[in-house]
């Protein structure tokens, strides 16, 4: 693999639908944690609801727009069910509660009980045809050299990044509004906010709802781009990756989520490609890293990367180079 | 003074409201447990229920051992250690290496276990000294430390995967034993030994906490860090100590788990959420609580397989966790803590 | 205020509007790329090693015989990690490289999750080890084909074996995914009333007490077990509960159970623990000639699982391209079934290419035996070897089934 191919791989993944999905999830987490101070470790649950919402609806014969509607409704219901009882918990307790709730949801979707609707462990495929049928881009490959996409991927990417752009602008507007200022005050000091008569609980719930919708959108993007959904794609790690993306970009900053997601995927793909080409070309001895170990090594590096991230770049990229929001 | 509480503070309820609270939420908790047991019996019969209780007790003791460390670390340092699962797996894998792997010393299982437990403690202590201690002193935001534990977990799990491979492996001894039949129950001899050893370890920890200087220091820091520091206790030393103890106990739990369910690279991670549930249900900061919580969670999850698909086992534990947080956040044995 | 928006948008615009190549032909001239998507890591990593080795060996043979239409074949690798999510990312990478065909994935569930994507990118895909039924009728426009026999035939063979050995009350146990559940369903159909218990276990479960308990309660005399590496622990739990061959419970399995190292996962202290276990498997797994060759060429490889089938996948693809005189997948796909049926038999890539050059109609029969692929890309003939484990828990072949068009008969 040449250097150009490595870079191209990394860049391609960094602007692909996967990165866009994580950007959306991170935008949601930014609303939750960056602006409101809520630690939601169950974002993977929202993503799963979005993905399955679309997949199940279409698999049962509904049109795509119905699928999107279902994704939205499920997200709202989950927010209410999760938020009303638990939002009075603080910090770590909320974190544990949300991760538990997401896991319950995931295990339930995976079980035989839910299988008639969710197909249990098998997951759902073959639901994205209607979406791709709407694609106006003519068949072909577009791009430069190895950095290219086919018309289907471009179609998904257009929607995905369009959503990211829209989401970023919406959040930007929200946080500059009076509502946003109150939310930030809740993050800063909940008791002061309460003491001047703000309905802190209600505000937190609204924040959870909004951030959750972004999580659900992320799931929809993942489902449509991969054309398959399975519960194994929504383990707790996914939430942690989204947090990594957010923290990398900069918590509480407008472009933090999008930038963080892109850089995260860039770095991850670069690791993968460099390792793989090193092994293939023999530069790295296959005694240390065989063909089979590249995938594992990537996660090892992600783990180390996270540690390095919190130690050396605690305010993220934007936080370090920019001024305070 | 309650044996289970880590604080010598008076245990009289602070207000009448508190004392009214206790019976009600205990009743709810008790009601849930009874409901699960009755459902199990109704669907499967008394025999399978008793078998489920025994299997649940075994699982519960493993969770309890691992959960003590989690509880101690949280109550003293305030950190929820997402890497605890890796510590569990690490202990099991170290023992596996010493016991069975080619190129390894092929030691007797007891000796391998002993060494693995020590290694577990050392590695955990190292994590505190090299990573979390410095981060805490640099006043990083709380989420950063949480994410650091997550990063450490990801690194640890995958490093283990790299070295050990994905195939679950058994220890060289005591793996396949014919079950002993007692009445309608069937139990493997090694499980009886394991359970006895686990109980002994738990009792040992309780004794350590109540009767030794270190134990008192740990309880003091858990109760009120700055006050303990002011009265001359080195919180830094206590932090390291709880990590070492936690790591050693987690390793022991991992080895026991590996004996009944083979050693796999993500065995500890699968237990992590169960450990969280055990700690919350039992009461954060209480050794007795972690034990009781672990056993409770183990029994409830195992018995639930009698009337629910076994895939939902963990989901049941998660449900109990959430209910506990909502109804009785201080758990069974914890002090009333502020959770909201 | 936010000046980052403009450059990002410009970059995206530049990339999407640069329709430099509106061509459908992947890999412009000179080299043809074969991609592979195999479980290099994860729960079926054991299989992955064998599949990758055989694919590379096939490409080597192809290149030594002059490549495809004069073009050298390059291999582009990808790891599925035995997981659909990781596989999804890997397939993106392969597709962007412009691979003509993807070899893989070794797990029916993973392959199914990728199929739509591969088809919509108009790339060929060949499986040497995916046996689920779903592939037979899957609307893949002919882009997907396989050299592994579907569960349908395998279940008929296994059911025959079990009946021949006197199984009367059977427990059918399978892993909860497309492969295991599919085969279990088929076995139930073929065994009919003899099935006393049906158990599907969660692939991620760590303890099999509940499942083994059900088998114990059903008082069966035979157990068919369908899974991957986790079967080691399952059998261990069975042994602890006295559900062994010596105690009158005959264990049966298919390829994955026919592992010479399985006993280590059951009871490393007892080499004879799996004595007497029976089953069916692909005969060529133990074919001396091909086996020796591939094991000799790959130091770390312990078993050649499905290697012959995967090897044939690559060869058939190359032959189809040669016959089509094109490397465009949309054209090549129509020639795939043809080169495996009707015409003169030839047994190696070099021989077959020579025959094609001479204008003949060929029928490739490689190390995994005759395929006679249907138009849907499924083998219509199959041979299975029956096996029994000896006193050292090693697999010994002791019989054969020949299957064609839906029926299997016992061979010698």
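The chains carry the letters A, B and C, assigned in the order they are written, with residues numbered from 1 in each.
FYI, a residue touches a chain if its C-beta (ideal position, glycine included) is under 8 Å from a C-beta of that chain, and two chains touch if they have at least 3 such contacts.
This is a predicted model, so every value here is computed, not measured.
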Category of the chain touch graph - line, ring, star, complete, other: complete
Winner on C-beta contact pairs when A-C is weighed against B-C: A-C
Inter-centroid spacing, subunit C versus subunit A (mean Cα positions, whole Å): 33
Gap in Å, rounded to a whole number, between the CA centres of subunit C and subunit B: 41
Multi-chain contact sites of subunit A, meaning residues that touch two or more partners: 110, 112, 293, 296
Per-residue overlap in subunit C, given as positions that touch at least 2 other chains: 41, 45, 176, 202
Subunit B: positions in contact with at least two other chains: 161, 311
Subunit C residues touching subunit B - in the complex, by the definition given at the top: 41-43, 45-46, 82, 176, 201-202, 204-207, 209-211, 213, 229-230, 232-233, 236, 239-242, 264-270, 273
Footprint of subunit B on subunit A - complex, ascending: 33, 39, 85-86, 88-93, 95-97, 99-101, 103-104, 107-108, 110-113, 237, 240, 243-244, 247, 251, 293, 296-297, 299-300, 302-307, 309-311, 314
Subunit A-facing residues of subunit C, complex: 2, 4, 11-12, 15-16, 18-24, 40-41, 45, 48-49, 52, 77, 79, 81, 83-86, 88-89, 92-93, 95-98, 109, 112-117, 120-121, 176-178, 181, 200, 202-203, 300
In the complex, subunit A residues that touch subunit C: 9, 12-13, 15-16, 18, 110, 112, 120-123, 125-126, 128-129, 132, 138-144, 146-150, 152-154, 157-158, 161, 172, 226-228, 230, 232-233, 254-255, 259, 276, 280, 290-296
Complex contacts: residues of subunit B adjacent to subunit A: 74, 80, 131, 135, 140-148, 150-159, 161-162, 273, 276-277, 280, 309, 311-312, 314-315, 318-319, 321-322, 325-326, 329, 338-340
